[in-house]
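To keep things simple, chains are lettered A, B and C as they appear, and every chain counts its residues starting from 1.
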Amino acid sequence: MADALLNQLSLTLSVHTSDVFVAPAMSLADRASRALESGVWGAVLYIVIGLVAVLTAVSVLGLVMSYIERKVAGHFQCRLGPMRVGPHGVLQSLADGIKLLFKEGIEPGHGDKVIFIGAPIFSITATILLLAIVPLAPGIQVVDMNVGVVYIAAVSGLGVMGILMGGWSSNNKWSLLGAMRAGAQMISYEVSLTIALLVVVLFSGTLKVSEIIESQQQGWWIWRGHGVAIVAFCLYVIASTAELNRTPFDLPEGESELTGGYHTEYSGLRFSFFFLAEFANLFVFSALAVTFFFGGWLPFHVGNYEGFNSVMDLLPPVISPMFWFGSKCATLIFILMWFRWTFPRLRMDQLMRLEWKVLLPIGFANLILAATVVLTGLYFFPSAT
Amino acid sequence: MTTTTPVPTETECPPIDFGELKSECVAPRPSIMGQKRGLRSILWLSFKGIVRGLLTTLSYFRRPSTVVTQQYPENRETLEMFERYRGRLSLIHNEEGEHGCTACQICERLCPNASIIITKDKKNEATGKPALDQFIWRQDTCTFCNICVLVCPFDTLEMTGDFESSVYDRRLLVFNLNEYAGPTAGQLDKLEDDELAKAQMKPMKKYQGPVPMCGGEMDGIPKLDVEKPTDV
Amino acid sequence: MTVEVSSLKELVEQASGDDRSPDTQEYFVNMGPQHPSTHGVLRLVLKLDGERVLRCIPVLGYIHRSIEKISEHMNYMNCVHLTDRMDYLSSIMNNWAVSKAVEEAAGIEVNSRIQTIRTIFAELERIQSHQLWWGVLGMDLGAFTPFLYGIRDREVLNDVMEETVGARLTMNYVLPGGLMADIHPNFVHRVKEFIKYFRPKLDEYDDLLTNNVIIQERLRNVGILSPQTAVQYGATGPVLRGSGVAFDLRKDHPYGVYDQADFEVPVGTIGDSWDRYWVRVEEMRQSMNIVEQLLDNIPPGDFLVKKLNSKIKIPEGRYYSQLETARGILGVFIVSDKKDEPYRMHYRSPNFNNLWCLEPMIKGDYIASLIGAMSSLDLVIPDIDR
């Protein structure tokens, strides 16, 4: 039994090493399917490696993003932001992380202990699951499902469960209020978010995320979509801000109203899980926007201007996708941060009114318009084929 | 569910006649949705307001010169306090190290929270006049109201800009402001014998004795080493 | 008008005893003493139905320092510095209120230089108080950036005042019979510089908050305080004027040298939070006008008419004097028994009365509106308890 296990392990390992070092052209997704097909242990190994990689990514993302957020916020507000730990405070998030690690995890009396502990884990799991489908570069994607968009819609809805659980189990009225707000808000804006993504699905004719990027070789959907895509993008940005619980839609936290909302009672590592999930979500939602509207890792091309396009292609193919994806993402994240540090917060009824009376009708009308555009084939930059 | 909308309660009393209190200057209250505007103008104004807000914050973001943060311990060298800043009370000493306090105790009497305690030598053997023994100033109870400086008839007190006065033991916040116990500069000048004048100036320590009210020794707090330099 | 008096305990017991419909349950929640937007240690007991506020009961006493009682054991000059700790954002105006009461009672005439400088400082203080309020209002409504912009500009003004006064918050600048110190030689120049700096910044404030549709929708038609209710509850200052009652002591019973200045008293229309917001923003502009008018002709004279180490004695009797601070009317009531210490000292603080307007203002509205309305009242909690 043990021998067989070891054999299997070494086999899968050899398969993997050969895949990684010998056949770099093979995409991660293909590798995944091969690993999954190679047997139970291969699948387990792949899942473990994938999970570790994504978890590390989430932590690093959380650290980096919180540093960037604080720095950006500082400069928006005529401040410097963190300056003390390390040069220009680069190690500040790390120091904060270590501090959170050593803090006491306080559990509220008469709270539901199991759910209380489970909530942050649930919250961060949803983020990790969502991160799995983000294509960072050709082939660098943990899973590439053929129903990717449906998966995104399904998994991003899970995040609200963690928040609801956390707020309910805290045995605190402020937390409960925050959680209820979060539930109402995230479920409502989920609809707009999905409808905005559906526009691109209509354009590209596929649910598979990597194929959506491939379909933008001739031009990003935001340009080619006749304004329909621009409306969809605006809807997406608004809805994702609401999904992320960031100002102007940070009602569930609303620290001036609810003293912190659903995570009022959380401290230490559990709090940091919520925190990490929030920042990783910020990355994930911008990454999805880039994937759907801005051509993912594709470089910036303008129509048939060959000269311009070749300048854009100058980067070596190994760095190019990462560079383009990263810079597009950074821009979007910056815009979300810009919103956060400028706007005040909406009220709950206004928030609901905005979704159900404004965004949703616009979203549906936009979807119908998109269908018309697709049926008539009226794209800008029609594809060569 | 109650779905009441807030209504001002006006029914409780008959309306008040404000008479002449009514003003002509009504603040020009800007509002986007309040006035009867068309949808297009509402949308345009909302959009304009949002974009201008964004541009305002961006204008600061892209100009790092607008940062107003002062990095305190680093800029210690260049930090300048205003000359009138009330940081710490001090007794003015001239170049020869002589003060002008006659121990008249007006500041002690007028101090609102008894932060000044003056003890004096009722009759100095050389001058025959009262001389200052100790000028104790309790920074821990002082409210920096500046009254002592103002009332001093001889202008011997001043507030200095030294603001870095945090210590770990509040007993260190009790100061002896006079550098020597003895007569004022003027009285010392009148003495013809320089040696005799010198003999009147008994040097005092910067810190003298524990906090009078709270006691020198407290439970759990080790006895304070009085000789220790108390520079902050 | 009926007055209901019932203890908090009774109220809570009443509510939990009956009226439990199957779908909703009303509940009590403590907002404060530690809450980010009560700006101190104010405790509001809220009776909520979902997010709707059914009752809002302020509970006081968490920062009571018995300033009135302490004053009974101090001479009139020493009483003044305690008032710095009441409404710390208008400390000079508080100092002035006591000084004014003492001067009127003791019959001390102060020269016009002192009065002019007092007026200028009061208006500068009003501006810095409103600057802080503006920022805090933004922060209460979820925008953090206005807070720092407000603080940044307040810092400039604070420096100007610090140069003359020597302190930043607890200034203790005005005394019975004069001022603590004459104005600094740089003062006039620096105030002019500040006004030049701050006028464009006010337009920026408009860009950032005033013209933002979210802030308007958060404040407009929220927390409506009718003029009748405002007068009944004894609201003063911008809260009263926001409700449309043009009552400003600076205009109606001029003190200092306000009668020499030409300024307008901004007044709201319907008394919602947005009116109070706008009245305060407009007041900043008017205060700058007043300062500009007075700054160039400060008359010569002494800064102290009375020798300070002499005791001020007030004839036996009761004396009341009031003036307009940044938040409303601060009244000083002195009962004297011929000594140099007051027999009884009482302050009628504006925040105390303004606070009680909160409940009629907000009944039946959301928690979020409560925050906005409370922020528009501009409460300073140490002034409520004293």
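Methods note: a contact is a pair of C-beta atoms (placed from the backbone, for glycine too) under 8 Å apart; a residue touches a chain by one contact, two chains touch by 3 or more.
Just so it is clear, the structure is predicted and the values come from calculations on it, not from any experiment.
In terms of the distance between Cα centroids, chain C is separated most widely from A. Two chain pairs, A-B and A-C, are compared here, and A-C has more C-beta pairs in contact (counted per touch definition above).
Inter-chain spacing, taken between the CA centroids of chain B and chain C, is 22 Å.
Annotation: 51 Å between the Cα-based centres of chain A and chain B.
Centroids of chain A and chain C (each the mean of its C-alpha atoms) stand 46 Å apart.
The set of chain A residues that touch two or more partner chains comprises 76-79, 341-343.
Among all residues of chain C, those that touch two or more other chains are 145, 152, 208-209, 212, 217, 369. Residue numbers of chain B whose C-beta contacts span two or more other chains: 50, 53, 56-57, 68. The residues of chain A lying in touch with chain B in their complex are 72, 74-80, 83, 338-339, 341-343. Put simply, chain B touches chain C in their complex at residues 1-2, 4-10, 12-13, 15-16, 18, 21-23, 25-34, 45-46, 48-50, 52-53, 55-57, 68, 82, 84-86, 106, 110, 112, 143-147, 150-151, 153, 159.
The part of chain B that touches chain A in the complex is made up of residues 50, 53-54, 56-58, 60-61, 64, 66-69, 71. Across the interface of their complex, chain A is touched by residues 27, 29, 35-37, 51, 138-145, 148-149, 152, 208-209, 212, 214-215, 217-218, 366-369, 371 of chain C. Partner chain C is touched in their complex by these residues of chain A: 73, 76-79, 173-174, 177, 247-248, 250-251, 254-259, 341-350.
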